[in-house]
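Just below sit the structures, each encoded as structure tokens.
Below, chain A partners chain B and then partners chain C, in two separate complexes.
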Partner chain A sequence: MADTARLGIGYYLRLSLRNLLRNPRRTGITLITMVFGISTLTLLGALNDGWLNQMKTNFILSFTGHIQIHSQGFEASQSLQDSISEPDEILRYTDYAEIIGWTLRIRTSGLASLGGSSAGVQIMATDPEQETWVTSIHENISAGRWLSPGMADDLLLGRNVAQSIGAKLGDKIILMAQRANGEMVSEVFYLRGVLATGAPQIDRTLAVIPLHTAQHWLALQNSVTDIVLRTEHHDDTDALHRLLVQHLSTDRYEILRWEELDPMVSQWLNFSDAYGLVVIFVVILLVLTEILNTMLIALHDRQKELGIMVAIGTKKSQIFLMMMLEAVILILLGSLLGYLSGGLIVYFLGDQGIDLSHFSNAFQFFYMDPVIQPLLTQDSAIRILGTTFVAALIAGIYPAWKAAQLPVTQSIRIQ
Partner chain B sequence: MDTTITQSIISVRDLSKCYWIGKVPFPALNRVNLEIYDNDFTVLAGRSGSGKSTLLNIVGALESADTGEVVVDNQNILQMSADQRTQFRLQTIGFVFQAYNLIQVLTAQENVAYVCRLQGKSKLESLEIAAHWLDAVGLGELGSRRPNQLSGGQQQRVAVARALATNPKIVLADEPTANLDTVTAQKLVCLLQKLHDDFNTTFLISSHDPDVKNASSRLIKLSDGHVIKRWDEALPPADPTQLSCPIKNLSLSQRLRRLFEGNPAQ
Partner chain C sequence: MSHTQRIVEPVIVAVVISNLIGHLRRTLLTITAIAAGLASLIFLWGFNDGLHRNMLSNFQDAIIGSIQIHRQGFFEHPRLSLYLSAPERVIEALETARLPHWSRRLETFALATSEKTTEGVMLIGMEAEREAQVTQLAQRIGNGRFLQAGDDYSLILGATTAKNLRVDLGDPIVIVGYDRFGALVAEEFTLVGIITSGEMGLDRGMALTSLRALQEMLDMSGQITGIVLRVADDRLDEIAESLSLKLAELDLEVMPWSEMFPVVQEWITLHNGFLYLFVGIVLFIVIAGELNTLWLSMLERTRDFGILMAIGTARRQIGLMLLLEAALLGVIGSLLGILLGIGVILLTNQTGIDLSVLLGSTSRFYVDPVIHPQLNLDHLGMTVISILSASLLAGIYPAWRAVKLQPVEAIRNG
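Up next is the complex of A and B:
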């Protein structure tokens, strides 16, 4: 027997569309629910992405940069013995297009003293000019100024360090540190600026001095402990890391990405990502339930008609297709309208953001800005729309399958 | 009307069917044997629950049987797969059900054209065929109306047009007048009979409506799943005048227009 029961998908699309419109109120309520759900999801996703991005940016730009290169073992030992004696060997790779800034640093522990007061500090010696290409630490000065090129005795202290030893701008501060050979040395600096970033590792411990001064003072010649790199985009980090690992000896150097430098921040970001996924899951579950409910009610209402369609020669696969198309049209419309609505809210919030400065102290602790600016990313669009579509499609499959399995004679008898 | 028996188009042998509700059996058909002949206008009569609809559903390949053999148009339909049965229904059978048997989101013309589209005909050809058949049942001007804009009688006429649009060998109608008022029911019966006369299609109708029984050339009475009586050649050719259809000598379209003239709501 010839299989002639073929109808174009266009025919079933029209049929599905008309079926959706036969009960405009039900379809409208379903759509509104979907639009509300997806737009909320879009907004929440954008807020999550926005503050995660701010947090990542603030963390990277406040101190760490995207990638740090150390002599092998330095991250664990924090000892000047594990310094890079020939940084130029590495700096020739800074021509890579991904790198938009680099700086050299020396980091070591020390003591800052003023009069009879002293405090343990983390000394960071850096090039005043180069540092500004890599981090925004120079923008977080609450009093005074950033290091001035050529001023060998400039010193900046974190806000809490300065407070603990009672230092004011212009005060003569003595820094004490240990050279690589174990010899304790001290040097006089003048407080030129106070750093207030909100990040505890900076405000409570940091002392910033010029790189050349530190190299001379600590007898390191050209050696440095860190080479810090900044990439154009956060997403370039992994690619650059792979490139550097290929070209630099990992026996001699440790090449660390920002997330490896502070696992706590990395874990916090992962947690936030997971939290975002949980929110997506909950909203998707609601959308899925709504679609399932609508389609099952539609199936119940049209059982007789579907039975008759099968009786007069419609294949079960065609019934399945028709019902699936109804679900797909609902999903597509709901998802797109929902994403557009959410996108519009994000757009209008985009400039001013959501001001949560009331909680600014807590936010600064996590490298967050007090004003959260929502961010729509391609990833989140794919994640939200893709997940919604797949989930709703799954929700549509059951009613469509059930429609295709309806007992014809029982369906026809329904009055 | 030529009522000469030519050959059997439906042959039912020892057909039994039992429904189960939980563990309680409800026999619907019990070793039924019958023959329906080509170009016949046969009515299955009997009370509600006598097995008429079950027999019609099995002959129409909508339902399976427990035992027996059903050969329709030389095809043993009980041995067909689900897809084969669908194709069989599409190609061989035209259905008219009791009521509300149109697709609500399609217009009258689209409803009729739908089965033609299923048969693989083009959109244009299907719409032309639909227009022809709607004209044939006297609804040529109402093709653009949706079912909810048509009366019950008009909807049944659209269903008749749809049943015939695929050029089926057999039209099965299950209580086609059950939901219609007496006058509309009479006119529908008259229409079925006229179509049967003009297009030489076999009609098998289940009904306990006396007008339908009067119109039949053969009557088979069922009771409790058994064939208890049959009038194979006893009935005289049906006379449309008995059904208030004094239109015998007109062309089909004219007759139908006249038939429903003055009461377009039917």
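Up next is the complex of A and C:
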């Protein structure tokens, strides 16, 4: 008895391994359940993350960029009085490696009218070329074309704005706005393009004109209201933000990340994330039920052999240890293979994505794409592998405990 | 042969049943697995459908109602010249159709001007005393009060617009607009309420006042541009259709909310599409789980099958036996799953699932933070059928393997 108690963990490990290898079919089936469950979870998690990431990208590229620099107080006042008079001072910092595009803008509200109808618009004046480096507005034109460099009276309107004043390409449209000193001024533009992005803030309110025209028209000289930056990856945003905060005077400038520019969207992403979490949580529970099930059935198979072990003097704690080790080996192997195979599926689906467009023909709402491209993230890997591992261990304890509780005579008798 | 077949069938059923009862533990485990799969799918659909229903209902309650009736073309080009020519005939039709939840509105674009700045708004004149029949807008006023009967030139703005104009309760706001002939009109209003919904489209770009004041300002006494209706969701299409038939000669547009704001409907369709994808994958998990148990139980009984074959049981009958086992397990598991799933939904429907830990406590995107799952019979039927077929499908492989067994080897190795 003392001898068996002194047996090291290595002994049990060998024993467990031998048990697993001795019945490859049973081991295989249990393993397949785990691999299957974990790989599907990996795929689901990746679909969910891919979907969220696409919304984030679409949002950032549709209008706001990753970071905007304004004169301190502009975000609240939206007034031309709070403009940046020396943008060049900040543009010195645009050679940071994280920044892959920047543009200067003037934003102010105004009124667009054609004939008798008019509509309130958000005027955005930007550099025709620089803008294309930062956002994808120029790719979302449903009719006409993007601003042409050198054409001073080009105008683009959001789809709904154009519709509500009944404007067609080539129409002469009058924009009215207020200068920083309060003087109301109007200017003639020609509609050259209609923007259809699916983002309500663009389609319903936007009017795009060239930056130089606006600077002249609104008597702003070289001033702008926004400096918009785009980073290489979403994750670079915080690092760049820290860098800029260090170098620029926060008394003079406000440096805002995309989450702060449109809290609504970041709440929307949180909401979608919460929804996804609930769904994945339910699926995790289901996968665990299946794993526990298979382990219990496999245990049933072995009652006789375990009974004999008890009969020849193996202690219950030893049987428990052996069974737990078997479970751990299975779970480790299952998680690894499961994550790898899930990752492989994600990799092959990667660029092509899963096309949901036949569920809904023309949706373009809230920056969502009809094609979901799954994305593996560290967070979801930790979440999925962590929870399945812990829970599968718990699931392993029960069969191991059951095995240790078996009455000897009964187990040997079972065929 | 046909004779023996008929005699053998009941025997097989009896064998199947005694097999299932004889291995009660394994039977129960398999049934549990199927039931758990089905119940979790039913729950997921319930969660999804509950969320959508909540969203749709809040969306309609916010401001647009279920159905709006305007002159043909007004929704596309909201011009005052397209006012509703015979509102009393529309209301008469509504009353005869027993649709009491209606309210009249007059809408036009205008500029709201404070001492500091200007912003373009959609100016809506509402019947203060009837608005509660169609929307819950009054509950979205976080600051000040909603319109009241007898209000004169009172105004309600969204929080964002009020912030942009830098105005507060009691401040004067000049509204500048055009009347239906294109002449400029301006009037001073007093800010009495601010909408603080946190929702896009409500907090910005709108100004509300009483119908009477707006009619006076625009010199359109007794005229309106539209009638808003609130009806039960399940009767919406039917009502919209019968109304547009009934009002056919008046040249009106009878628009359900989904026609005015198709994006919301599309968002739900897309979300459902996403869930179909999830359900498809979960189905695979269920198939795999059941395949495992059936296969293991088949392997365990290899010797039995060998003996059965040796004493003259046809292979076809052994295959049939295993398929029948799978079918029985599937049916019982599904029944249990339906009960469990419905039970969970009924329970969570009562208590609600509180997402406020993740989302904060205010409603977002017209979804309340506490979600009450709901049963949608279409989705329930589809899910049950797919789980049943999945469990039958899972029986095919083990049955096929059993059919291929060689009796002698089966007895020796099993």
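One rule holds for everything that comes next: the second predicted complex is superposed on the first by the 289 of 415 C-alpha atoms of A that agree within 3 Å, B and C clash if a C-alpha of one lies under 4 Å from a C-alpha of the other, contacts with A are read in each partner's own complex, and residues count from 1 in each chain.
In this text, a residue touches a chain if its C-beta (ideal position, glycine included) is under 8 Å from a C-beta of that chain, and two chains touch if they have at least 3 such contacts.
Keep in mind that what you see is a predicted model, and the values were worked out from it rather than measured.
Student: If you count the residues of chain A that each partner touches, which comes out higher, chain B or chain C?
Tutor: Of chain B and chain C, the partner in contact with more residues of chain A is C.
Student: Of the two partner chains, chain B (first) and chain C (second), which one does A:190 touch, if any: first, second, both, or neither?
Tutor: Neither chain B nor chain C is touched by A:190.
Student: Scan A:18 for contacts with chain B and chain C and give back first, second, both or neither.
Tutor: Only chain B; A:18 stays clear of chain C.
Student: Let me test your reading of the model: by the given contact rule, A:309 touches which partner, first (chain B), second (chain C), both or neither?
Tutor: First partner only, chain B.
Student: Tell me the contact category for A:281 with respect to chain B and chain C: first, second, both or neither.
Tutor: neither
Student: One more residue to check, A:348. First (chain B), second (chain C), both or neither?
Tutor: A:348: touches no partner chain.
Student: Using the touch definition up top, name the residues of chain C that touch chain A in the complex.
Tutor: Answer in residue numbers: 25-26, 29-30, 32-33, 36-37, 40, 43-44, 47, 51, 76-79, 109, 111, 117-121, 163-164, 178, 182, 198, 200-201, 205, 262-264, 266-267, 269-270, 272-278, 281-282, 284-286, 288-289, 292-293, 295-297, 299-300, 353, 355, 358-360, 364-365, 367.
Student: Which residues of chain A touch chain C once you look at their complex with the stated criterion?
Tutor: 25-26, 29-30, 32-33, 36-37, 40, 43-44, 47, 51, 76, 78-79, 109, 111, 116-121, 163-164, 166, 178, 198, 200, 204-205, 264, 267-268, 270-271, 273-275, 277-279, 282-283, 285-287, 289-290, 293-294, 296-298, 300-301, 354, 356, 359-360, 362-366, 368, 370, 372
Student: List the residues on chain B that touch chain A in their complex, please.
Tutor: Residue positions touching the partner: 53, 57, 60, 62-63, 82-84, 86-91, 95, 97, 99-106, 114-115, 117-120, 162, 166, 174.
Student: Can you list the chain A residues touching chain B in their complex?
Tutor: On the chain A side, the touching residues are 1-7, 11, 15, 18-19, 21-22, 304-305, 308-316, 408-409, 412-413, 415.
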